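Shared between the two complexes below is chain A, which has chain B as its partner in the first and chain C in the second.
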Partner chain A sequence: MSTMIDDEVGTAPPQRPTKRQRRAANIADAASGGVRMLLVKMLFLAILDAVALYAAFILVTGGQWLVAALVALVAAVVNWIYFSRRRLPAKYLAPGIIFLVVFQVFVLIYTGYIAFTNYGTGHNGSKEQAVSSLMASSLQRVEDSPTYPVTVVDQFGTLGLLVTDPDGDALVGTNDQPLQEVDAEMEGGEAVAVDGWTSLSFADVLARTDEITELAVPFSDDPNDGAVRTPDGSNAYLYVSSLEYDEAAGTMTDLSSGTVYSDIGTGAFTSGDGEELLPGWQIVVGFDNFVRAVTDERLAEPLVYVTLWTFAFALISVASTFFLGLFLAIVFNDMRMRGRRYYRVLMILPYAIPSFLSALIWAGMMNESFGFINQVLLGGASVPWLTDPWMAKVSVLLVNLWLGFPYMFLVTTGALQSIPDDITEAATVDGAKPWQVFRLIKLPLLLVSVAPLLIASFAFNFNNFNVIYMLTDGGPRDSSAPIPVGFTDILISMVYKVAFTGQSRDYGLASAYSIIIFIVVAVISIIAFRRTKTLEELN
Partner chain B sequence: MRVNRKSLLAAGAVAVVATLGLASCASGDSGSDGDASASGTLTVWVDAERVDALKGAAEAYTEKTGVEVELVGKDNADIKDDFIQQVPTGKGPDITMGAHDWLGELSTNGVVAPIELGDSAGDYLPVAIDASTYEGTVYMLPYAVENIAMLRNADLVAEAATSYDDMIKKSNDAGLAQTFVVEQGAEGNPYHLYPFQTAFGAPVFGTTEEGYNPEDLQLGSAGGEEFAKWLGAHGKTGTGDFNTDIDADIAKDAFLTGKTAFWLTGPWNVGSAIDAGINVAIDPVPSPTADPASPFAGVKGFFISAESENKVAANDFLVNYIGTEDVQLDLFEAGNILPALEAAAESASSDPIIEGFAAVGDEAVPMPAIPAMGSVWQYWGIAEADVINGADPVATWQKLTADVQAAIAG
Partner chain C sequence: MAKRPVPASAAGVIAGAIDERADASTRPGTADGDAPRNFAKRPFSFRRWFFATGWRHIVGVIMVAFALLPIVFVVSSSLNPRGTLTGSNALFSAIGFDSYIRILTDPQVPYPTWFGNTILVASVTAIGTVFLGALAAYSFSRMRFTGRRVGLITIVVVQMFPQLLAVVAIFLLMSAIGDWFPAIGLNTQVGLIMVYLGGALGVNTYLMYGFFNTIPASIDEAAKIDGAGHARIFFTIILRLTAPILAVVALLSFIFTVNEFVVASVLLIDSEKQTLAVGLTKLVSNPRYADWSAFSAGAVMAALPVVALFLFLQKYIVGGLTAGAVK
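== the complex of A and B ==
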């Protein structure tokens, strides 16, 4: 990076090695120092193996066999590669490939998998979790029933509740045995112990939380009277359940209305007339999300103009940042200009500020009634920078130009400096004008090295969520559209609004959309890269 | 050749270090999993600003029961989504801090467990219990009730306004640049305009015994259209009291610099007004009609994870410790919002600011937590913003009602 900015390096006479070069040479020397390097290598591999072993151990105790096996496998492969005297290419490639797999391939595959599930609000966990959650929330406390002080008691491993009723009588019961009156030892009006049972201390209660959460002592022989449960181990309440789960049939029955909800393979218990009991659970739904993504009627109309604007936004952003960056690079490459370095640092500043921050600051400055631009720069004008559909588009492009030109400036500065001066000289001797030199010689040569970056920049801007979200949030809203889409929404921000509206989060749909967008960008990039190959023949 | 070997070995060193980092990441993740299930530790996610307020209660609980309470400070904005995503994997906390309007979402995702308040339910403010109840079941232990009120700069305007028109008059008499400010934005801000809407008798939903009824949309009643007309008359093409360009920061600046004496906002902004040396008084929202202008109440509280392995301790900690006056007062001091426990609310009301908000809160209604509310938010603000900016009030309001109805019907 520093050599790109510092153009003196290429032209200056050979200097003594800089500090950094000396340090690099030292490292290189040390690296080749047989025994010492071998020891260092052994040390690193030993630490790696120790950590891998520890990780595998923890994973195995946590029951994560697959991940443990993977960690062990990767550690073994790394050892084999670096202890081997050959495997030269593998020594180079192994670290990169490991990171690629963890941070790119895994994420891609996982997104792909989610796109084929119904993961989202209401389909968040497993079926087992959904059932237990439904059962827990179906418990209704019997109206006007009292609070029963309880002691949790144990008899040969079976838990029971020792309950004191409001009359001061002591009752005991278990999961299978309804409450029965007993003679108990009382303390302060509450039964604390009974013969034949061991009273549990609070610590014991906590240790057996799972059993106590399941403990429901029938109030009487009639199941309709409900059961006594204790949420905190010291007070119990009488509950009746409004749902019944039949595991064999896979159905939920609403006891008050008699409606039967069955598992019909849609990831939720569904009644005969299509009503779903939520929460449901996650299932694989095949191509449903993709079908929904392309057939959603609410999207039909907005999708057209959002797609057009997305392409316009990405193309204009690339073109405007490239030409402004190139123009500035040429200007600051001119030897006659003084203090170029300071100007260059200034130029790079927008690049150094996080884009989140600058987009928010721009949003403030572009406020119609109170913004800095209207109030101070334009002396109290009321230009609707962010609230008029067309002005908002212009504003987004302007801000993105401000954010993006430093990158292009850096890249083109580097590329310009790599074009040999003698070509320019030769052209000038042949009588070419400066504009001709630029257009016919410098620009094509520049494009050879910069074109791939322009394609990457297009792909980046195609999905430039930050700028849109922070600056306008897609607004101004198109109040005629049936979804909350706005005039500056690009595809990715529209997808965000469709998949994550209000309280619903539809990760499956969002993943499907992002895969579709990925395919679009990938196809465009591949075509563009093919085209740029012809440029390379210039060299 | 020599150079090649050197750089090769250097690359080898880099690779090993990198793999090392990677492996340690993996072990870090899995490590926390193993620990949580083994020991009796309660993990509590807390809004980072309130960690200190809970330390006392956590330590007292550990001392009495031996259960460690681990308080994890989290960014308030991330808690809800992280909770929903992590509970099913078994890596979520036992307890999380949250707000009552998350209830619909948490319950639909099956990540919260019911809480039994028992007899202590009567010790809380009624609005707090209403808000903590979803489809007839209590899921949240409330600790604070929050609502907006009219902040007045008592040095500029000495007396509280009796009605909306009175406020405008008092403001004009004082010769202020702006009559009053309320934060809006390009997409409106219905939360802050709601008191005016209720004054016209147009709540969002009707209510039944179990709470808000999504099938009874009151938004589009005749009162709603009256409200829209009134809003339009005070918007851009009318008196200009409401302006969608005024966002939170601009509203704050106008009040702090004395450009206006009235600011419709919540307790979260009182601190900065007092710090700026303003003599702040808290008034009820001046009503544009004869009926009171009641804002939404937001209730903050604690949820228990449906997958918690320490439910007994979690229930005990919340109901019997967080639900005590001392802890509620500690939390109050950390956030300066009215405690949900009635006894604590009374002690806190010795502060005139809190008393002011509490008085307004008596009129407040819980913000609906039902999923249908998500469909309302989507269209509500943009319709109000359109009305403020001069769109035909009645037609815009009718379209809003139609859009919301269609969205709820799905």
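== the complex of A and C ==
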């Protein structure tokens, strides 16, 4: 609200500026900005408005009214902020906040929503989309269909068919757009070109054969009327679906077998004996995903061991890197030692290399039959570094120790050196042995300063996707689980694999797993903020 | 030690490195509280030397060997003209740059494209992050407004939830955007950069906020009296004075983006659009791809800029912070 640039940082309570002060500030602003600044501002806003207008237009034509309204609203607010003489803080915060809200806050909330849906392979879209794709996938050529001469046409990359029906009328349509009558240029009783579309030449037709044979242009708005398809790009035939959709009853009937599939609220047409027609559609399933994750035995067991391993992995990683780092910091914190700088630079190198590369290299070195460690260091042994469930865990921890100790080394070195010497001297004068000095004085002081970093390190390792995925890919694979999960998977890599790998993608279940991570991360944050009093100190 | 809890792991390094240098320059000789040492000439005793510092060298050599083992291995196999993993086991048995040429010219592996993509995505993300973060940090540091404390707290809290946790939702959001606006949706680098910028107001803003607070407000006042408006103060004074922290944030963001796999692998589908992290990981995890030394060559080339930046970053931070940009 107020615009006191000159307010000294940290003084409270802030005073409202008087009217005179505000006017003075405005005059100063106006005097300093100049025309150039104003022009730049106008230019940016003009570009932004143009983009927003275009976006809103596209969305409105697609029927996305809510999103279009949101885009317009955001654009209006941005304009208001930057044209207003006040709202100074908002001018500086708006750009970052827009990105933050869309790509961080919204997606977190959206994850929570997806966890309550059946979103995934086979349940990707709306019911209408499911109906049309079911009908399209069961199209069969009508035995005595008339032959329709066609010309393949293109509009901005979308292929369509220009059809001449037996009455001599020209019709055009695409996969999504049913046939509509048009005024076409006729040649020998066949439509060959139409305004707004480019007719494909014979060579183009050959080049895009695959796309063209996939085309199925609906005959009318009613999916039961079938579609027109062309096997060769010059003649088309009528195809009708072997399924019949009854919109009023909400049922699909298989005309060849007579089976009736009805919508029983599970997001797919289901027959009396439980057989589902896929694709189905997306519905809210409530706590189904969560219930499934903990009660389905084949899912619950992986969830338990993955969760336990995630905690073990994060804890052991923090502990091992911290103690190794601390040990090294003590060892190399002796001024009498020569060449400490060289040791230090060389030991920091693992931290400087991108971790995805390091993990991939370690994976190669740990290869059971050809890897450097087995073949050279162990003289031809065949230690199953990455293929045995327990050895794989050890390997992951070892590689993560390699990746993480330099960081802890740097941090503890800094923390150790910031402990004043006189404390040590006083203790020594009082007769403390070096070990006592370390154990009773330095270590507690050190822990006070590095505890927040240890908590942050725990939170980081809890979601340390790269090292797991690149090194073992979560493997070895647990073949008894119905989802692609392995014995070294942590929660976040399990989420990734359930959602994006394997034969069927299950976004709903993956999001439900994400919620578990949210809860753990929230608990860690609460502990961290309690401990460090970060939030209280903010001013 | 880190005076302020700096949540990002890399940020802690900075704090550690800064303090370490600063302390090393001012402190006297003793370090561990050992008994005072006598520097009078005494005959050299191996035993005494060993118990004082010699054993430390042994620890150092062991640790350096551990730290360098994979690095030496990958450099060696990248120089090995023979391709396989087994062929790479004899370290430095053959030296040649064939594998570098292979990875750069293999028509199946668009390595140069990946490299360019990575540099592009990481640079734009770094610049965007610095700009958005600096704007926010300026307003938090220099202005008093309703909701300021809440805003600061929100930023600190939200940053605890990294974007990769919401990767499923990000994928679905971007594919929905892609349905309407293919230019910024799924399978575009612009879309990926936008997603990364969603994390711009996170730990980086907090880092910059702390640094902005150390610049005396009297400088702003002086400029204001001389007739500078808020925008001029920000662009011509504050941004110049805070250049060290801006460089640090840019480099941290750059390194983070180079290393980011989860979101990039989900959003970038075409091989031609992928970044190094995605491309190289998919390449080497393909069981049919057996050219280990070409991969090693790619890894060495990919790591070099980041390692260089990292070593440069350490020096720059220490120099920038201790020299004192403000008189």
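By definition in this document, the second predicted complex is superposed on the first by the 271 of 539 C-alpha atoms of A that agree within 3 Å, B and C clash if a C-alpha of one lies under 4 Å from a C-alpha of the other, contacts with A are read in each partner's own complex, and residues count from 1 in each chain.
The rule we apply is simple: a contact is a pair of C-beta atoms (placed from the backbone, for glycine too) under 8 Å apart; a residue touches a chain by one contact, two chains touch by 3 or more.
Here the structure is a predicted model, which means the values were calculated and not measured.
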Q: Answer with first, second, both or neither: which of chain B and chain C does A:G475 touch in the superposed model?
A: first
Q. When the two structures are overlaid on chain A, which partner does A:L328 contact: first (chain B), second (chain C), both, or neither?
A. second
**Q.** chain B versus chain C, judged by how many residues of chain A each one touches
**A.** C
Q) Now for A:L206: first (chain B), second (chain C), both, or neither, which partner does it touch? A) first
Q. When the two structures are overlaid on chain A, which partner does A:V304 contact: first (chain B), second (chain C), both, or neither?
A. neither
Q: Once the structures are superposed on A, label A:L360 by its partner contacts, choosing first (chain B), second (chain C), both or neither.
A: second
Q: Figure out whether A:A249 sits in contact with chain B (first) or chain C (second), or with both, or with neither.
A: neither
Q.
Contact-wise, after the overlay, does A:F44 reach chain B, chain C, both or neither (first, second, both, neither)?
A. first
Q: Check the residue A:A312 against both partner chains and state whether it touches chain B (first), chain C (second), both, or neither.
A: neither
**Q.** Partner chain(s) touched by A:L88 [first = chain B, second = chain C, both, neither]
**A.** both
**Q.** Footprint overlap on chain A, where chain B in one structure and chain C in the other make contact
**A.** 28-29, 31-32, 37, 55, 58-59, 62, 64, 88, 91-92, 95, 99, 102, 364, 367, 370, 473
Q: State the interface residues of chain B toward chain A in the complex, per the touch definition above.
A: 2-3, 5-20, 22-24, 26-27, 30-31, 33-34, 40, 65-67, 81, 84-85, 87-88, 104-105, 107-111, 113-116, 118-119, 135-137, 186-187, 243-247, 249-250, 306-307, 309-313, 315-316, 319-320, 371, 373-375, 377-379, 382-383, 386, 399, 403, 406
Q.
Taking the touch rule as given, give the residues of chain A at its contact with chain B in the complex, in rising order.
A. 27-29, 31-32, 37, 40-41, 44-45, 47-48, 51-52, 54-55, 58-59, 61-62, 64, 67, 71, 74-75, 78, 82, 88, 91-92, 94-95, 98-99, 102, 121-122, 124-126, 129-130, 132-134, 136-137, 139-141, 147, 202-203, 205-207, 209-210, 212-213, 230-235, 237, 278-279, 364, 367-370, 386-387, 472-473, 475-477, 479, 482, 484, 501-505
